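Across the two complexes that follow, subunit A remains constant while its partner is subunit B and subsequently subunit C.
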Partner chain A sequence: MLTRRAIILAVLLAAALVLLPLVGDRYVVSVVTTVLWFAYLGQAWNVMMGFAGLLSLGHALYVGLGAYVAGALYLYAGVVPWVGMAAAMAAAAAAGGFIGVLGFRFRVKGVHFALLTIAFAEVARIAFDHLTFLGGSGGFFLPAHDPGMADDLLNLRGSPVMFYYVILALTVGALALARGLLHSRLGYQWLAIREEPDAAEASGINLFRLRMLAVLISSALAALGGVFQTFYFSTLFPEQVFSMGRSIEIILPAIVGGTGTLFGPILGAFILTPLGELLTFVVDQAGMDAPGMKQLFYGAALVAIVVFRPDGVWPWLADRLGLVRRRGEDE
Partner chain B sequence: MAALLSVSNLSKRFRGLKAVSDVSFEVPAGAIVALIGPNGAGKTTTFNLIAGVFPPDEGAVVLDGRPITGFRPDQACAAGIGRTFQIVKPFGELSVEENVLVGALAREKSLAAARSHARTVLRRLDLDGMAQRPARSLTLPDRKRLEVARALATRPTLLLLDEVLAGLRPTEVDQMVEVLRDLNRREGLTILMIEHVMRAVMALSDHVVVLEHGEKIADGTPAAVVADPRVIHSYLGAEDV
Partner chain C sequence: MPLDFILNIIASGLLNGLVYGLAALGLSVIFGVVRVVNFAHGEMMVAGMYGAVLLFGAFHLDPVLSAPIVAVVLFAVGWALQRGLVNRFVGKPEHMQFILLLGVATILVNALLMVFGPDSRGLQVDYVFDTVEIGPLSLDAVRLRAGLGALVVTSVLFAFFRYSRTGKAIRACADNPLGAKVVGLNLDGLYAFTFGIGAAVVGIAGTLMALVVDTRPQLAGEYTLLSFIIVIVGGLGSLPGALLGGVLIGMSEALAGFLLTPSLKSLFSYVVLIVVLLLRPQGLLGKRS
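For the complex of A and B:
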């Protein structure tokens, strides 16, 4: 359970985030938008890995599918993103469901299941490179928003501040959903599967059904993050959107923050993204041309976490700051 | 008494090796039946066949008149079979209470009802004092009790216990024997137990089934079984009775 101190801290943090665009400059708002986007995606990934114990290394697939489906529906059929997102989530869930059926029916486990998820993301990357009606490898573009125009929330065309509030709402929504799931019958049964599948099954849990549910929910949530990506960045390149690097970027915040915890993905994103930005900035300022610097940093961060805080930063921090009443519990 | 569990001509091979071979026996409703035999005799495999871990090559399992052969473990649980694992399998990162809660959720859809049932079971097995500790922090004897608690929380009609007394100190054995006897007498719970601790077998069971090399070599009252020359030769001779 959260302590009183934790609740006060959460309220302060929420207030700070809501007020940020009023005080922060454009750059800060854009960095925190990216932070929240990765926090959101990490939360989606966490449902599979952190809750149900299913390692996905190809979450870029679901994000990318969501991004392209909503983008294409908007550009070619004028479907507003709030409607297109249903199709985006359905498409990603269908892909996730297909991988799930393959993996779980044929009892593909652990690392091999993870390889399956990578394989499908790679297939999508190559396929989208060749889908000329979506721009192929040359990229998919939405017309840019005219800065003189007012924010258009219905069509998700507008200022960075509008997008900031959209992703903030999505992140808070995902947190609330994850919390609800974790504290439900389904949540406990997922944790049981993660911890000990044989004993979970002997306790009456249908492994196939519950694992499928985890994949479907996780992939659909990821797709929603993809919809945001399309409208916020207005450009999609298969080589980025479906890349292994993107999948790793989605995973890292959750691992650094604490896999299976509710605040881990958010904390991890707040640690990694600004540091990555800072690094890029410093390297640029120094006039160095060092591509791959960010990847190197992420690699080092991962090593540090695995060695020093394998449970992630959140459980340690929560314990240190007296934010949780009981050890070993995420709240 | 009518048979609650009826196992007939059960066989299971693992690549060439006949782990269970044409085994038949019955567990009457309300009884405590012990399944004994030397290591590698096929006792755990028999449990796995009953609980649906894998289907038998031949034979049938009938629970309360209903065939459950080839059921998945979750279906077997729903049909009324609760089981413990010889090599304990706690949900390590979950608390002791949450472990038992997961068992209770097999029947209870509501979290509150499941939690209250879990707490009753925890008290029953004297685990309430450590309810909030992570299961991985428990000692082996406590983990064994947790196995029993989790299985019991699924409200089974038949409880399968795989060496839950192994590794316990004599006083702990006596405690567990008391709990099992009480569950059996007061709640009419039917128990099939794999056990090496002969003192407990003699104290608890109405009936004993003996396996050796996957085959049933004896089947009778505890007194009759321990007097059986084949049993003495194959099994009891090597153990302290």
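For the complex of A and C:
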């Protein structure tokens, strides 16, 4: 259970995020937009790994499918993104469901399951490299927004501030959904199959159905993040969108923040993205701008975090700041 | 299509595959015993490649001769890594091990990038353009050396695990860690030794690979995934399986690069992987756990 202090802190944080574009400059808004995007994607991944215990290392696949489906529908058929996102989520859920059926029916587990998800993401990367009608390896582009025009929320063409509020709404929505799921019957059943699959099955829980639900929800949510990506960045390259590196970027915030916790992905994203920006700044200022320097420190930070806080930063921080009552569980 | 031509492609794929197999063996040994997937494996392999480049540049040393030196250095790296960091993650959830080794991989590959720069480096050995004629086959001398070198090291490794005391002790750890502890084996020490061997083996594979492929840091991620695929295809923890998987993937890459387009060659490996995962998740030569 959250303490009163936690609720006050959450309200203050929410207010700060809502007011940020009024006080922050373009740079701050763009950094926090990226933070929120990764927080959102981490939340989506967390449904599979944190709740149901299924390690996916190929979430770039669902994000990328969502991005391309909504983008292509908009560019070639004029379908507005709010409609296109339904198709995007359906496509990603279909891919997730396919991998799920194969993986769970054939009892592919643990590291093997993780590799199966990587393999499908890699296959998609190579396939989209060769899909010439979507730009292939040359990239897929949406026409740029005329800065003189007003924000067009219906077509998701507009200023960085509009996109900021869109991703903020998505992140809050994902948090609310994750909270609802975690405290539902489904959430408790997931907890059971994550911790003790055999015992859960023996007590009548249908493992296959529950795992499928986790994959379907997680992949559909990830696709929504992909739709945001298409319209915010207006460019998609298969080598980035479907890369193993992207999958890693998606899962890092959740793991660093705390796998299976609700605020872990958000906290993790607020640690990692600014850390990257800070390293760029420090490395520049110190005149050590050698290629690889920034990533070297980033890798060292990852090792340090996982060695000192193997369960993630959030559970420790929440305890330190007195945000959770002791006997409470995942909050 | 002339048959000789196809035979040549298969043979060169086979020789490449032997080196892949050796690299994957290192991964398999570490996973089979320590139960940790070394996600920094390709990075260690590229470190081995740079070792060969460096020694060739400084002393004109043939990669085959620099292999033992690189092996010693990487053994120390692997041993220290297991002692210092990985050991406390043994038995922890996979995603934690993954992040830890991902961090190590990031440090390693970017250190290489900073020292050697992003450009490819070729090894201009004296026999770089030589070919060896065997019946209808005409093989590149560098590839033949790399493949045969990998075969020799693999045989030594098999013999070590089969006949030496330490090798038997390591196999005991892999089969039954608790039992191994009960009979008085030093688990932590053997884990560190095993990680060292795995790193040394992939370092040797790297020095041999440097003969065939131009060395650059970007290869690291590719080789990690490739070793991972080979090990799963052959069977996690099975040494002959890793070799078989390496040869299969090497040949399928060569054929796919020739029959389709080179950019599709890795697609072929992933399709092989997916089929094996579904039909025989324990791998071709793996045992059901």
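In this section, the second predicted complex is superposed on the first by the 311 of 331 C-alpha atoms of A that agree within 3 Å, B and C clash if a C-alpha of one lies under 4 Å from a C-alpha of the other, contacts with A are read in each partner's own complex, and residues count from 1 in each chain.
In this text, a contact is a pair of C-beta atoms (placed from the backbone, for glycine too) under 8 Å apart; a residue touches a chain by one contact, two chains touch by 3 or more.
This one's a predicted model, so the numbers in the text were calculated from it and none came from an experiment.
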First (subunit B), second (subunit C), both or neither touched by A:87: neither
First, second, both or neither for A:279, with subunit B first and subunit C second: neither
First, second, both or neither for A:17, with subunit B first and subunit C second: neither
First, second, both or neither for A:201, with subunit B first and subunit C second: first
Residue contacts on subunit A - larger count, subunit B or subunit C: C
Which superposed partner A:75 touches (first subunit B, second subunit C, both, neither): neither
Contacts of A:130 with subunit B and subunit C, given as first, second, both or neither: second
First, second, both or neither for A:310, with subunit B first and subunit C second: second
Residue ranges of subunit A touching subunit C (in the complex, touch as defined): 49, 55, 57, 102, 106-112, 114-116, 118-120, 122-123, 126-127, 129-130, 244-245, 248, 251-252, 255-256, 259, 290-293, 295-296, 298-303, 306-307, 310
Residue ranges of subunit C touching subunit A (in the complex, touch as defined): 37, 85, 88-89, 92-96, 98-100, 102-107, 109-114, 117-118, 217, 221, 225, 228-229, 232, 236, 263-264, 266-267, 270-271, 273-274, 277-279, 281
Residues of subunit B touching subunit A in the complex: 51, 53, 72-74, 76-78, 82-83, 85, 89-95, 98, 101-103, 105-107, 109-111, 114, 132, 134, 150-151, 154
Touching residues on subunit A, where the partner in the complex is subunit B: 183-185, 188-189, 191-192, 195-196, 198-207, 260, 326-329
